[in-house]
Amino acid sequence: MMIGAVLAIVLTLAGAILAVGARNIVHAVFGLGICLCGVALAFLVLGSPFVAAMEVLIYIGGITVAMVFAVMLSTVGREEPREGMAKRVLAAIGALVFFGAGVAIILGMPEQITAPVTPEEAWSVEQIGRDLLNRFNLVFEALSLVLLLAIIGAITIASRSDESHDPTAGEGDS
Amino acid sequence: MTLHAWMVFALTLFCIGLYGVIARRNLIAILIGIELMLNAASINVLAINYFVSPEPAVGQIIVLFIIGLAAAEAAIALSIILGVYRQRASIDVTLLEELRG
Amino acid sequence: MNHELLALACVTAPLLGFAVALIGFRRRHSSAAAIVIASGLVSLVASVLLLITARPEAQAFTARWFMIEDFSIEFGVLLDGRTLIMGSVVALITLCIQVYSLYYMASDPGKGRFFAFLALFEWSMLLFVYSANLLQMFIFWELVGLASFLLIGFWYEKPSAVAAAKKAFLMTRVGDVGLFIGLILLFQTSGTLDVLGIANIFEPHGLPESIAPQRIELIAMLLFVGVIGKSAQFPLHTWLPDAMEGPTPVSALLHSATMVAAGVFLVTRFHGLFLDAPTTMTTILWIATFTALLSSTMAMVAKDMKRVLAFSSISQLGFMLMGLGAGSLFAGYFHLTTHAFFKALLFLCAGAYIHSSGTNDLIAIGRAGAARRMKITTIGLVVGGAALAGIPMFAGFFSKEHILSALHGPGQMIFKIGAFGAAFMTAYYTFRMVFLIMRPNPNSQATPDEPAYPHDDAHGPAEPLAMILPIIVLSLGALVIGFFGDKIGAILHVEHIHHPTIGEMAPAVVVALLGVVLAWIDFGRANAKQRGFVSLVPAAEKLFEKRWYIDEIYNTAIVRPVIMIAKLCYGTETRGLDKGIDSLAYSTAKVGREVARGHVGRLQLYIGVAVVVVASLVFYVGMR
Amino acid sequence: MGNLELFLPEAMVLLGALVAFVASVVGLSGRTTWIISLVMAVLATVVTFVYLGAQGEPFFPGIYRVDAFSQILKVGVVVGLLLTLMMVGNTSSIRERSRPDIPILLFVASFGMMMLVSATEMLTLYVALELSAYGLYILAALHRLQRAGSEAAAKYILYGAASSGVTLYGISLIFGATGTTYLGAIAQTPSSPLLIAGILLALSGILFKLAVFPFHAWAPDTYQGAPHEAVTFIATASKVAAVGVLARLMFLAVPEHDTLVTTLLVLCVASMVIGNLSAIAQDDLKRLLAYSTVAHAGYILIGLVAFTSLGAASAIYYVLVYVPIVFCAFLVVCALGADGSNPTKASLAGLYQRSPLLAITLLVGMFGLAGIPPTAGFTGKWFIFTAALDSGMFWLVLVGAINATVSLYYYLRVIKEAYLTPPGELGAIRLTPMMAIAAWLAMAMVLVTGFYPRPVWELAESAARALVGG
């Protein structure tokens, strides 16, 4: 267990650093993929193989792939110029202040036990399914609506409109 | 591994994501940062679920929903980013400064 | 007579007039005017009937408006002495002005709209006066401001009119913030919004035990801030002269029975409360006296007829507040009533002159021969002027006497002296105006600022009936209203009205006559220079006449400093003070531009700032 | 499983989305789709009004509560939806090909908002929050002038996604502190830094929706660049939902924690000041309205931080009347910007001569926003200030009143342009009948509630009682 946890943490953080650090956007997406593998591993360690599988299927198989497509449609292979110093400093300050505040709060928590106390069957996929269709049925329906909306929206927004060459469309140029 | 360690781990991931959101120029890179933030929250939820929750199914369901919502969000965001690319032939966020004041 | 029905008719008729005229007859001007005048007539008849048949005790007709938790807020009409008199005055003067406007605005393309707005103005003022509830009072107070904004800016194609309308609205709103907070505090303190209920708390002299005196001072001070804005007292007085940009009937309405009167009426309404706030009362006295003096000096040098009248309104409002501040409800209220008549009259006369001469300039009006052509108007002018100046037996004389004799308390000597000074100057500038019009002297040293453009009178009489009738009615009013002091006092339930003795009256009469005589010397007599005290060191021939020698002493010893102060004030008025208040607005706008510029359109800066703020807050939370 | 009938208002809106979807898929013209949607919206509004007094839990206990509070806010949402839909008839600023899809997006987003105000469980709440937001993101991206439109949408969605990430992280902390996802558990859990930090972070997503400082910065850019109709919807219905969920969360979670109250007070004052000051410098009407929204979020927070039943009622009342008020302003924006461009002060010139109805609508809207009697904006401010004074927050009232005075400056400048500047070259404006009806309807709502606030106020009071009581 311990090895799995350490591996998950290392994978995740390394991937994350690559994802935000790489100047080439393709590398960044690749970093995201590694990071998500680590997260999936962490889910496994935390006792939910089902969620880990979903993470791999939807996140790595869906979102990351979609991002790769988006990159290919736009700025593939292009090295972006380095960010301005001021911006990176602001970002670092923001992240660090947040980190400091978070650590202070987490360490202020009372000590917790280190192993699950609940019986195994509560973790089972059946229980998840029961809860989804019983307690969270409304949310479940709402989520399907969200996905429908996303499909409609993505198609509507991305569909090439004749008007994009509207003479006034470039109004902002100056 | 204690719950504290897991939560600090999640926080670290969250802050890396936050840095990416604020620092990167590329719109897709910003979106990647946001995905990292969402995953950090997921790890948090599952860790808490693992250590304290009386009903372990609930935490897993939350994470499942987060994944689903993230997928939808990414789809919409990517199509909007492509729209930006079509207009400006670039997805550099520093070009998005025409609306201001 | 059913009072409830009458009150209902009185306050709803103008609203109906407004709505019908605005919605149905915007383009059919004459029908709109007829509807509005009919509604004004209904209001007048109803309010006069109410006044005549009034019961001695106050009556309120209310209906539940809404509730806050268990607290009911009523909307309705309160009938007591104060509201009944004021309501009748408002209805009468509005009707006069509406009739007058029939001819005055006859050829204006927006006549229908004008009449609709007049009706709106009347409606707001009536419901303000008759308000049974603080909240209702504030709403209609604001509506009065809104209607005057619409009317002052009526000629929207004139940039100066637009600016004036905005200035009037903004400045009075500055005061309204104070008023609003004051009203909320008053509500909190007294636990009721009911005007009558509040009056019952404060009317018996002496403060209830449960209320801290400082709180009453605060409330009174905040209410007075609203009055300063509405009634154009120093330092928020500058909007009123500018408000002359509106059509003259509007000025007449604004300056007599509505808008500026609303401020003074508010003080009379809560006079019991003000009596419990001695510090505020002293402040009122100081501000009112200063304003009266200041604006009188300005009126002495102005050449624009409407401006002279505007400055005089400010100073007369100061007089009213002096009376109220001295503790005499009756004195202030009485002057408010009489002033409504003669000031409306003077403005209507001014409007007639301006209409026929095509100019606002006093000297030009006089030289155009307006006084000869328009005899009835000139009689009206003299009556109104005499009333304003405080000539015995005219309306203003009586009310001013009451104010002067009210100023007898310890430490009020200085205000009394100030009041005498202002009264003197009032008489002087009033008759300066009268003489400049009645006795034009082309050979005098006076020079008009703008020439007259007399109307081609072929198509109409110089004094059409629609214009003359209101002038006659108001002249009669200005002549007789002064004798109704006791009656008004009785309706107001003032226990003992102090009647000034001959000895007390004498100084005021002397001062007023002195002013008139001086005006005669400067402007009225044959061959007068018509330059007032401004005349420079005269040439040798002037020294030959002893008379001029006295003039000289006068000039150098007394009047020159006064004129200098007046000039100075006028200068400060247009440059310094105005700018001071304007710059407050400008600097706010500037800060605003800077803050807006901070929104640079940079997404990540926005997010970064938000994250830093939130993280700091989390830090703060975590460390506690 | 509770009584599903209570879900009928939401179900009607969902049905509307379905009908609009079918109409769009089978290829009906934009106009036909619009008329069908309008009928559905009217039906949904009627049903929502009928269920105003409903009470109960239609789903699993603890997930979703229908009570006086949620129902009155749902009325606000559907009224916002209906008004926006009435105006969508000539969706001039939206891309031609996307027009048939607009009703679907509006309906789905409204459904999310209605869920949002009823949700009493964090997962439901979060999903509803996202559901209502996604529709708005898509709407914002459909501007005909795609250059500004895409920038506005990109800023909106990235800012929104980032803040929803923060919210989610906060929810995970609350989950950690309480061990469940029921909102009711928050009040029963003893206070700890973890819980407070979680609440604070969770609030950020809602404060973002309401455009409270420091989460306000998207508003001006998005308002400026997004289609007029989309902004109208964001400014009306979405605010109602945001206030609803904010009130729910605050009254459950905040009162015991002084630090959170202080924090919210600071944000409230900062929103008013920054919103009003920035608005002064604006020339673009939509941008001006965006900053005015920020300021209004501050006014509403005054009512909420009072933490009394009266305060909650005043905030609810305010946001309900805010819908028709701000709609009046946006109706003018839509009519003036019929070519898709943004109206500026200059394009208002002589509006009084060009279209008296529009000019009156603008007057009512601006006076409502400025809080001048007799509009409902005044009664709303009056209730809020009364509530704040009732809780002894005199200084907050003073700041609010001063802010209201400052705001007068820019609202009046708009009025001035419309009434007092000659039209010059600008021609007359013709309104479609539906726009005219919408204008009259909104004005009637503003003025009637201004003169006679009683019915709406009583509803707001019962809503506040339901909120505070449970």
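Chains here go by letter, A, B, C and D, matching the order in which they are written, and residues are numbered from 1 within each.
As a convention for this text, contacts are C-beta pairs under 8 Å (C-beta built on N, C-alpha and C of every residue); 3 or more make two chains touch, one makes a residue touch a chain.
Here the structure is a predicted model, which is why all the values come from computation and not from measurement.
*Asks:* Hey, what chains does chain A share as contacts with chain C?
*Replies:* A chain counts here if it touches both chain A and chain C, which gives B, D.
*Asks:* So how far apart, in whole Å, are chain A and chain B when each is placed at the average of its C-alpha atoms?
*Replies:* Chain centroid spacing, chain A to chain B, equals 5 Å.
*Asks:* Find the geometric centre of each of chain A and chain D from their Cα atoms only, then give the gap between the two centres in Å, rounded to an integer.
*Replies:* About 29 Å, centre to centre.
*Asks:* Provide the C-alpha centroid distance between chain B and chain C, rounded to the nearest whole angstrom.
*Replies:* It comes to 64 Å between the two C-alpha centres.
*Asks:* So what's the Cα centroid distance for chain C and chain D, whole Å?
*Replies:* Centre separation, chain C to chain D: 42 Å.
*Asks:* Please set out, as single numbers or ranges, the residues of chain D touching at least two other chains.
*Replies:* Counting only residues that touch two or more other chains, chain D contributes 123, 127, 130, 134, 137-138, 141, 146-148, 151, 153-155, 158, 162, 166, 173, 176, 193, 197, 220-221, 281-282.
*Asks:* What are the residue numbers in chain A that touch two or more other chains?
*Replies:* 87, 90-91, 94-95, 98, 101-102, 104-106, 108-109, 136, 139, 143, 146, 149-150, 153, 157, 164, 169, 172 - these are the residues of chain A that touch more than one other chain.
*Asks:* For chain B, give me the residues that contact two or more of the other chains.
*Replies:* 7, 14, 17-18, 21-23, 30-31, 33, 49, 52-55, 58, 61, 65, 69, 72-73, 76, 79-81, 83, 86-87, 96, 98-101
*Asks:* Is the chain-to-chain touch network here best called a line, a ring, a star, complete, or other?
*Replies:* Topology of touching chains reads as complete, every chain touching all others.
*Asks:* Okay, in this complex, where on chain C does chain A touch?
*Replies:* It is residues 604-605, 608, 611-612, 614-616, 618-619, 621-623 of chain C that touch chain A.
*Asks:* How about chain B: which of its residues touch chain C in the complex?
*Replies:* 18, 21-23, 30, 93-94, 96-101
*Asks:* In the complex of these two chains, what residues of chain D are touching chain C?
*Replies:* Of all residues in chain D, those touching chain C are 154-155, 158-159, 162-163, 166, 193, 196-197, 200-201, 204, 214-215, 217-218, 220-221, 259-260, 263, 274, 276-282, 291, 309-310, 352, 367, 372-374, 378, 382-383, 385-386, 389-390, 397-398, 401-402, 404-406, 408-409, 412, 416, 419-422, 452-454, 457-458, 461.
*Asks:* Can you list the chain C residues touching chain B in their complex?
*Replies:* 596-597, 599-604, 607-608, 611
*Asks:* Of all residues in chain A, which touch chain D in the complex?
*Replies:* For chain A paired with chain D, touching residues are 101-102, 104-106, 108-109, 134-139, 142-143, 145-146, 149-150, 152-153, 156-157, 159, 161-164, 166, 168-173.
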